[in-house]
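Take a look at the structures listed below.
Two complexes follow with chain A in common, the first pairing it with chain B and the second with chain C.
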Partner chain A sequence: MKTLRYILLRLLQAVPVLLGVSIVTFALMVATPGDPIRLLVGDRATPETIALIRDRYGLDDPILAQYVTYLRNLLQGDLGASLRYRVPVSQLIAQHYPVTLFLVIYTIVLTLPPVIALSVWSARRQSGVADQVIRLLGVVGLAVPVFWLALLFARFFGVTLGWFPVSGFGNSFGEHLLHLFLPALSTMIWVVPILVRNLRSALLDEMNRDYVLTGLSKGLGERQVFRTHVFPNSILPTLNLFAVIVAYLLGGSVIVETVYAVPGMGKLMVESILARDYFVVQGATLVFALTTILVMLAVDLLSTAIDPRLSP
Partner chain B sequence: MSALLRVQGLSVRFGSTVAVDDVSFELERGAALGIVGESGSGKSVTCRALLRLLPRSARIDGRAAFEGRDLLALPEPELNRIRGKRIAMIFQTPASHLDPLMRIGDQVAETLRKHTEMRGRALREEVLRLLDVVRIPDPDRWARAYPHQLSGGMKQRAMIAGALACQPDLLLADEPTTALDATVQKSVLELLAQLRRERNLSMIFVSHDLGAVAQVCDDLLVMRRARLVESGPVRRVVAAPRHAYTAQLIASHPDRLEAAPPAALSGAPPLVEAKGVQVRYGSRTLADLIAGREGGFIAVEEADFSVSPGESLGIVGESGSGKSTLARALVGLVRPRKGTLVFDGAPADPAGPGRIALLREMQLVYQHPYEALSPRLTVHAAIAEPLRRHRLCPRGAVDERVRELMAQVDLAPELAARLPGQLSGGQCQRVAIARALAFDPRVLIADEVTSALDVTLQAQVLGLLSRLQRERGLTMIFISHDLSLIRRLCNSVIVMRRGRIVEAGATAAVFDAPREDYTRELIAAMPHLEGSAA
Partner chain C sequence: MKLRMTLAATAAMAVLATGLAAQDTIRIASPNQVTVLDPIISAAAGNIEAYGQLYARLLRKDADGTLQPGLAESWTISDDGLTYTFKLREAQFSDGTEITAEDAAFSLNRVSKDENSAYPAGFAPVKEFTALDDKTLQLTLEHPSAPMLSNLEIFNAGIVSKDDVETRGEAAFTTDPVASGPYMVREWKPNDRLSLTANPHFWREGLPKIANVELIEVSDDNARATMAMAGEIDVNRGVPWAQVAEVDGTEGVSVRLEPSTVLYLVMPNHSKPPFDNLTVRKAAAMALNREAITKAVTLGNATVANSTLSNALNFHDPNVQPPAYDPEGARKLLQEAGLEGTEVTLMITPSAEQIATLLKAQWDAVGLPTTVERVDAGLWWSKLADADYQVTTSWYYNETEDPDLAVRWALCGTCGSDSYYTFYNNEEVNALTDAALREQDEAKRAELYSRIQQITLEDLAQIPLYYSPFSNAYSDRVKGLSLTPSLQWTLEEAEISG
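For the complex of A and B:
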């Protein structure tokens, strides 16, 4: 009951956030140079045609009035229609969103095992050879730009070796896995080092806690103390960082999806910005914001489930 | 009968530092041995070395034969069959020695799961029985609770329950009562003494408090600077110490300190007066506002008291009784929700505009000396800071004034360039006192200034405070959970419980004829050197 009230409260708090996001994106799109109608009708249209279309889309109204109209439609669940594709924005999002979600979850699934294995390995032998090598590789992983790595991977695994397709999304689950492997891998390269550093230092902190001594004094042995006490206590700080990273992955999808031509939200977003497709950009941003809010909420709930001291 | 544990030539080194130097002792089955000494004397390290619970950097030499088997040479898996099963250990701060994410019942069960075949229902029932043995009320409920939901005393009991689970032969108790309130300490000590009697449990009890050791143990080891300086039966050592350090340790016990309350200026109008002070933490929520409630949590309720110039007032109470909050309200660190303060005949608002002027007259010294000093300011800079900030003396005279203040608190001049991390706890506390004195205040509020210090340092700091009081005519408000200190230092005393002042009056009157049961309980809980061994 208490948890339910907490969730409800958090969702209520999300409303002003979403409102703020809509205002900012709306203002940004209005302030960006370039005329969507020009892009829409091409160079040869007469000024009369342009004026007609501008009027039809309400682009001549005062900006505030445009925003109010947009907000009113939004409340009715209408995200507007794409200027470019002439289909409802919601339909475009429904088409592209699952792809990005698949990519993000795929990246997470690929990321977690190495993160746990590497941080436990380096924490248990602090300053050992493995620890140093892992740290060094981590720095390299962080330093290499994602888009460049993505290009290299595409060239090497995709073209030279031909192991993986270098673009698209595929049609079945198995194909999805295959198509998105390289995008997920190139994203993972920079996510893993961040999480490893964080989890490793949390593990080292927790290994020096007093309760470790208690566990050893009970005769549990180092392995068991590590498994049952140290590890669960180390998860929390990393979990919070993880939430931030997931939000980042959503935004980061722009890069990998562009490089690998994955038909996801990131690609939709970039193309819509270039085409001045106002409503699509706004709708996509709102969906990104909402997803981020939900991820944060989920992580907070998970944290309270792990740590009884953080009651909602 | 052969000894249960025979330790010969135990030495522990951390790099080039010798933490324990050639310590030998024997423990008979069913006997209880106390190890006392100040912090850094190696008493805890000795205790932990027996179960090899030291960091890897420690080098342990010597022999510790437990029933003939050398604990220091056993391979790890075999040692793990002794740890927890034959030799169990309890620690100083139960709060940090329990896993915050695990239910109390599961932590007690851990030992049983490891060393016995007990599972499921039988295991659960055994855990409940153990919690009952250590006198945790309503075991069924508390077994399901998490450590942060338990009070300090209950946590320590839960830890004892976990240690007793496999009916060990030897219990190593590392300062098990130091972090606890007097009344809780008393009950834990009683529990340990009772377990000794009923289960024939052998015990090694490490503490810096001779009084606590005297209540549980029959034999005593005194350690200083990694070495054993004296050993023998508790009564003999207390009555006739052979080593000068032991004599000093005994003389420093609050029981033996000179009573030195200053003569109060009778008839003078009170210097500090509090009327109906109420402090609440937390704010009013919307629901409180609608229901017309005050909201929050009451830390201090309707406190009235007054201190005359030159007087020293003691405030006692357990942790959570609101005594520190009251002190904080006096210097404006928390804002009272209600009530007024009068300083020197004029109304004062310590949290308001006149704050700085008031703080020059009234200074607070904090409990934890290391935390009260910035780790990156040298002693000189720490003491000079208020002088510069408040322009308390001409710029050119600051150095001279700092030297003067350091001399007043018996700090050697060469310490001026040190950082707090390079000082002992007692030295840090002196720096904090010197910093407070820099204001040349009329009132000094000492908030548990000695509770983080060893007895010998505690005696020194108390001596310093009473000397300063005599020399400068300071008015003191002395907050402590230790009644024996209050009794020796203060003219009058306030007893607080759950935010209320339950009893107040002249020290002698309150101690000799307490009116409240709670005060009586507190007085009875004072550990004495002459306590009988169980």
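For the complex of A and C:
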């Protein structure tokens, strides 16, 4: 019951956050020079045609009036229509969002096992050869530009070896796994080192706590102490970092989706900004913000489950 | 048991079906987006390329570019050149309804007169299209127009279903428009791909030969190149010059350079200093080693331009030349006029980075210190149309081989687009533009267009750089496909092997 009330409260708190996000996005889009209609009708349209269509879309109304209209529609669950495609923004999001979500979850699923294995290995033999190598590789992974690496992967695994597709999303679950493997792998390369560094240092901290000594002295095996005490205690800071990284993954989808021609939210976002497709940018930003809020909430709930002392 | 057998059979059929579909599908990746399926709404490249597949026109062009009867079987033109009478053939829309003169009149009046029509320039002389009976269409003009027939072949002159558009309104074009061309929409995923399937009612019997077409949007040049090399697409629209050798060297893929009407040019703003001054324009032109620029940017794949009109257009004059490369002369010209050291701001979009570097170096060298201002395409168009720039560089193409529309777009100051928004306005050129449109005699038209090219080069309305072919990569599976100068894929007669 208490948890339920907590969730409701958090969701309620999300409302002003989303409102703030929508105001900032709206202001930024309005302040960005460039006319969406010119891009819409193409090079050869006359100024008269452009003026007419601007007027029809209400783009010449006062900015505040435009925002109020937008907000009123939003409250009724209407995200508006794309200026470019003349289809509802919700349809575009429904088409692109699952792709990015799949990619993010896929990346997470691929990321977790190596993160746990590497940090445990590294921490348990601190300053050993394995530790040194893992830390060195971590720095390399962080330093490599994703864009460049993604290109290399596409050329090597896609063209030279022909193991994986280099583009698209596919039509079935199995195809999704295959098509998004290289994008997920490219993203993993910079996510894994961050998490490993974090988890490793948390593990080392916890391993030097007094309770470890207590556990050992009362006869618990080293493995048991590590598994039931050290590890759960170390996971919390990493979990919080992980929430932030998920938000980054959503944003970072822009890069891998471009290199691998994945039709997801990142692509939708970039092309909509370039085309000044105001309402799509608005809608996509809101969806990104909402996802981030939900991930944060989920992580907080998970943290409470792991450490009841954190419960509200 | 029975269930299992049915399942097995279904699975086998599914495999068979996908196998067949894969062989019969051609995948074309292009950086140009399809944003709208209504042929009159947009004149952006991605849409132009799709319209041609969905909507048939009264006339069509064959492989060597000659006009042939399309939905119109035959036509007659009155002696005064003001009345055209078209006899339409028996043909149907993709929904099986008949294509009547009523539909044709509706579609063509729409593109000529509708306030939403993005590019009505080719139909400016039109008074009215009327259906005389079911199969007879009459076009009356306000004044004669020599390129009228060829303008009826361009992308936005496609025939749409009057019934459908009147019933569904704008919605008729958002998902599954009624098509009259070789293909119809199977599924449209905006911002991703347009999937087409053969129109079973297409008037040319036995065509198209390829059952399905996927027009896939891939903005990144590298991604398209990789996809082509990995065999995930059959056609790569627009291979950057730097990648031509690599893509062409891939087994099973070849890059073809196809003739286009694309002209790359430097556009001075005539409404503002410093480029309102002919001396500055002339010095800027003399400062440029256009041959070297062409070679550096296109790796020798394009031809240096000699005129303000593309060499692929009719009546292109091969005997004119802009001022020759002469940096010394350019500097002297500026010195004599006391203009040495005039600061210049060059506005570019990211795609022109390379050209901009070369322009800057050469203008800097003759005493026109240049600053490069980078903007994205959206801002570029706004600033261009508002005359809020000094000089920029861009390109344009023409939809037909007739130069009328090109001249109206880029050189005529009173034809709606202020000479491609360079605000060049020469009354003699404006008058010649109109005279050349009305003139029915080929030789006389050639003279008029030659005169236009001479004047605009003397005035340096623009500084032409080079004539660029299209560079597209094709899988060896594809036969008979090319991109025409009017931005149309010849998918109708193309073939693909397994």
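Heads up, the rule we're going with is that the second predicted complex is superposed on the first by the 312 of 312 C-alpha atoms of A that agree within 3 Å, B and C clash if a C-alpha of one lies under 4 Å from a C-alpha of the other, contacts with A are read in each partner's own complex, and residues count from 1 in each chain.
Just so we're on the same page, contacts are C-beta pairs under 8 Å (C-beta built on N, C-alpha and C of every residue); 3 or more make two chains touch, one makes a residue touch a chain.
Here the structure is a predicted model, which is why all the values come from computation and not from measurement.
Participant: Once the two structures are overlaid on chain A, check if chain B and chain C clash or fit side by side.
Facilitator: fit
Participant: Now for A:274: first (chain B), second (chain C), both, or neither, which partner does it touch?
Facilitator: A:274 sits against chain C, while chain B stays out of touch.
Participant: After the superposition on A, what does A:232 contact: first (chain B), second (chain C), both or neither?
Facilitator: The first partner, chain B, only.
Participant: When the two structures are overlaid on chain A, which partner does A:200 contact: first (chain B), second (chain C), both, or neither?
Facilitator: After superposing on A, A:200 lies clear of both chain B and chain C.
Participant: How wide is the angle at chain A between chain B and chain C, using CA centres, rounded to the nearest 10°?
Facilitator: The C-alpha centres give an angle of about 160 degrees at chain A.
Participant: Which of the two partners, first being chain B and second being chain C, lies in contact with A:176: first, second, both, or neither?
Facilitator: So A:176 meets neither chain B nor chain C here.
Participant: Tell me the contact category for A:124 with respect to chain B and chain C: first, second, both or neither.
Facilitator: Neither partner.
Participant: For A:309, select first, second, both or neither according to whether it touches chain B, chain C, the two together, or no partner.
Facilitator: first
Participant: Comparing chain C with chain B, which touches more residues belonging to chain A?
Facilitator: In the superposed model, C touches more residues of chain A.
Participant: Now for A:87: first (chain B), second (chain C), both, or neither, which partner does it touch?
Facilitator: Second partner only, chain C.
Participant: To be precise, I mean the smallest distance between any C-alpha of chain B and any C-alpha of chain C in the superposed model; what is it in Å?
Facilitator: 47
Participant: Quick one: in the complex, what on chain C touches chain A?
Facilitator: Answer in residue numbers: 29, 33, 35-36, 41-45, 47, 115-119, 121, 170, 173-174, 189-193, 216, 218-220, 222-224, 226-227, 229-230, 232-233, 376-379, 381-383, 385, 396, 409, 416-417.
Participant: Residue numbers of chain B touching chain A in their complex, please.
Facilitator: It comes out as residues 48, 51, 53, 76-77, 79-85, 88-89, 91, 93, 96-102, 110-111, 114-115, 146, 148-149, 159, 162-163, 172.
Participant: Note which residues of chain A are touching chain C in the complex, please.
Facilitator: 32-36, 38-49, 52-53, 82, 84-87, 92, 95-96, 151, 154-155, 158-159, 162, 165-168, 258-261, 263, 267-268, 270-272, 274-276
Participant: Which part of chain A faces chain B closely enough to touch in the complex?
Facilitator: Listed in rising order, the residues are 209-211, 213-221, 224, 228-229, 232-233, 306-309.
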